[in-house]
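Once you scroll down, you'll see the structures, which are given as C-alpha cells.
In what comes next, chain A is part of two complexes: it sits with chain B in the first one and with chain C in the second one.
Entry: the complex of A and B
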C-alpha cells in the first residue's frame, strides 16, 4: 500500500523537480530548496493530491519529510 | 546651449552570444534559419478562436529539460528564456564556470575565477514581463478564489525579475536591472550596458532582452490596436517587412543575451571577440502613443547620434538590421529615414520576416544577428519580400543571403510611445 510519505515524495519529485535521491525522512524542505514561497505552492499541490486543505503556514522550511507527513496526517490524510 | 562635443569612442567587445527565438534554440540554429529567409510564423493552438490565431513560437522549448524541473517551475517562460540564453552566452564567452571551489558562486554552484562578480552586470530589456503567469493566476483568482493564487505570482510577473533570475543563476553581483522601452527594450538594454562598461562601473555586462507574451490577452490587445497582420490564411507569408503587401506584424517570443566586455578585460583573459558594440543613440518622438512621427525626425536623430557616438561616417555602414516590423507605417517611415541618413549603399534586412516581432526582445535578438552578420560577412535576406514597396527607397536584401564585407552595421529599434534606440556594431 502506498504511504503518505511515498505520495508526498512523488509529488515533490514530479511537480517540484526535487531529486528522489535527496528525499529522506530527516531532510528538511529547506534542504530540498523549498522556501516559504514554494511551500505555498506545495500546500496547493497537496490540496489537489490529497483533497485536504492545509493552512498557508502549516508547512515551513524547517519541517522534515517525517514531520510534514505528521502535519498531513493530523489534517486527515490517511493513505 | 550647444550640444557637448562627442566623447572619445568606446567599443564594447561582444565575447558571447546566446539565443532563444522562433528561429531556434542556440546561436547556430538561429543563424542557419535567419540566413535561409524562411518565415517561422504558424497557426498557434494557444490563440485558437481569437481574431488573430497565428504567431512565431520558440520551437520545442522544454524548460524542464533545459533548466531542470527544480529551477524551471519557479520561473515564468520569459525568465526561462533569459536564463537559457544567458547560459549559452556565458559558455560561448568562455565563462561557463566549472570549478566548485573558490571565486564567484552562482546558485547553480558554478564558479568563474575569470571575473570579479561585483563588477559583472545584467541589463535586460522586456516590454511586458511575466504576462503568461499574470493571465493564468488572474484566472485562478476569478475562478477559484484568492487562496489558490500562487505565492510566486509577483516574482514570476515583475519585469525586473528577468535580470534578477539571470544573476541568481550565474552569480553576477554587479548592477542589475531591466529596461522597458516597448519594442526597443533590448536595444536600450545593450546601449545602457555599454555605458556601464564605458564608465568603468563594470568589466562585463550580460545584456539583451526577453519577451514571452504570446498569450490571448496580449495578442488580443495588439489585434484590437490594428497592429497585427490579418493574413490568417497564410501565416508563413504574414510577416513581410518592406513588401508592398504587408499589413501588420506577427507576434513572437524570444530572448537573446550578449556578453559585453570592456575591451581591455576581454584582451587580458584572451577572449575571442565576435564584434564590437561601438555606438548607441536614443531619442523620443514625443508624438503619439502608438503611431510613429510621420516625418521620422526623432528616428533620424537616434541614428545620427549612434553614428556620432561610434565615430563613423554614414559611408562606413554596409548593413542595416532594420526595425522593419511589417506594419505599413513603420516600414515606410524607417525606409525613408535609412535612405536619408545612409543613402543607397547599405544592404538592409528585417530579420522579423523570419522571426516575427519579439517585442521587447526584438532589439536583443537583432543585435545578436547584426553581430553575426558583421562577423560572418553576410547580410541575411528579408523573408517574404516578393514585391518591394516602391515608396521604400533602400536596397532591401531579398530571397538569398548576400556575402559582403561589413565594417560597420546599424541595428534599429523603435518602440511604441515613440521610444527609439539604435546600435552601431563594428568588425574586429
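Entry: the complex of A and C
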C-alpha cells in the first residue's frame, strides 16, 4: 500500500532532484538541500499532486520527512 | 486604429559594481547563499547624488538614438523610486531629453511597471493621442533598501531601460501583441514601503523607524509570482494565436532565477530560450524587462524575427504579459 511518506519521497525525487538514498524518516529538508524557497515549490507541487493547500510557511527546512508527513496529513493529504 | 510598433531600445546602468562578496563584507550573507537562492552575482548601484531621472535620461536618450528620432509625442516613466513624491519624474526627464511641452507621466506598478507603461503607450497610440511614445523603466532601489536587510540588499540593483513605440500596423515586425494586465490589492502589504504615504502621514506622527524602507515577504511573493506570470503568459499566447513551441525568447521580469525557471517549466518553454541577465544586474524592478531586452539584442540572443513573450509580476500585487515579434532594431 502506498503511503503519504512514499508519495512525498517520489515527489522529491522526481521533481526536486533529491537522491532517493538520502531520504530517511529523520532526514530534514535542510539535509536534503531544500531551502525555504524550494519548500514553497514543494507546497505548490503538493497542491498539484494531492489537491491540498499547504501554507507558505508550514514546511520549514527544519522539518524531517516524518514531521513533514504529519503536516501534510494534518492538512488533509491522504492516499 | 494604429498599432504600437517597437522602433528603438536602449539601456543604462550605473558604472559602480557591487558583488555578493562586497555585501558579505558587512552583512551576514555569502556569495553562495545569494547565488543559490537568486542566481545573482552582482548588481549596479548609483553613486550618491544620482537619482532615478538621471538613469532614465541616459536610457531614454539611447532609445531615441536607436530609433533615429529626436522627438516623441509622449514620455511614460515606470518607476517605484521617483525623484520625489510630487511631481512625477517623467516631465523632468522629457525636458532634459529636449522634448518640453509633450504629455509626460509616471506609472506606478512596481516590478510590473514597464508592461503597464507599454500598455498605456499602446493606448495613446491607438487613440491617436500620440504617434510616438518613449517608454522608460528606471529605478534606484538602492535609495529605498534598508542597509541592514541582507535579503533585499542582495536582490535589487539600480538601472534603466527604454523603448520607443511608434504608430504602425499589426502585421509589421515589432508590433506589440495582445496585453494581459491584472492586480490583487489584498496582498498590498507583502511588497511595500509602509511609511511616507498618506496612510502613515494621516496619523500626524512620524513614521516608525524602518518604515521608510522597502519590505518584501519572499515566500508568498515567490508563489504568487510563479502562478500569476504563468497564467498571464498563457493568456497572451492564446490571444496571439501562438503555441508555446512558437516562442523563441521568453523575457520575464528578472526577479529571481528560480522564479523564472519555474515559470518557464510551467509553460513548457526550454530554459535555453529564457533571457536572463540578473546574474550581472540583479532585480531592477520596472527597468528589468527593457534592460534584459537591450542586453539580449546586444549579445545576439535576441534577433529580428524572434517571437518574444514578455511577462512581469510585482508589488500591488500587479502582473502582466504581452507578445512581440522582434523587429530589426539595435541598442544605441
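Annotations
Methods note: the second predicted complex is superposed on the first by the 79 of 79 C-alpha atoms of A that agree within 3 Å, B and C clash if a C-alpha of one lies under 4 Å from a C-alpha of the other, contacts with A are read in each partner's own complex, and residues count from 1 in each chain.
The rule we apply is simple: a residue touches a chain if its C-beta (ideal position, glycine included) is under 8 Å from a C-beta of that chain, and two chains touch if they have at least 3 such contacts.
Model, not experiment: these values are computed from the prediction.
Superimposing the complexes on chain A yields a three-chain arrangement in which chain B and chain C clash. Comparing chain B with chain C, more residues of chain A are touched by B. After overlaying the two complexes on the shared chain, residue contacts for A:6 are found with neither chain B nor chain C.
In the superposition on chain A, contact of A:18 is made with chain B only, not with chain C. In the overlay built on the shared chain, the residue A:57 is in contact with chain C alone; chain B does not reach it. In the superposed model, A:70 lies in contact with neither chain B nor chain C. In the superposition on chain A, A:41 contacts both chain B and chain C. After superposition on chain A, the stretch of chain B that runs into chain C among 2-10, 128-136 or 200-208 is 128-136.
Once the two complexes are overlaid on chain A, the chain A residues touched by chain B in the first and by chain C in the second are 36-37, 40-41, 44, 56. Residues 15-19, 33, 36-38, 40-41, 44, 56 of chain A are the ones touching chain B in the complex.
For chain C in complex with chain A, the residues that touch the partner chain are 36-37, 218-220, 222-223, 226-227, 256, 258, 262. Within the complex formed with chain C, the residues of chain A that make contact are 35-37, 40-41, 43-44, 56-57.
By the touch criterion stated above, chain B contacts chain A in their complex at residues 64, 68-74, 147-148, 150-152, 155.
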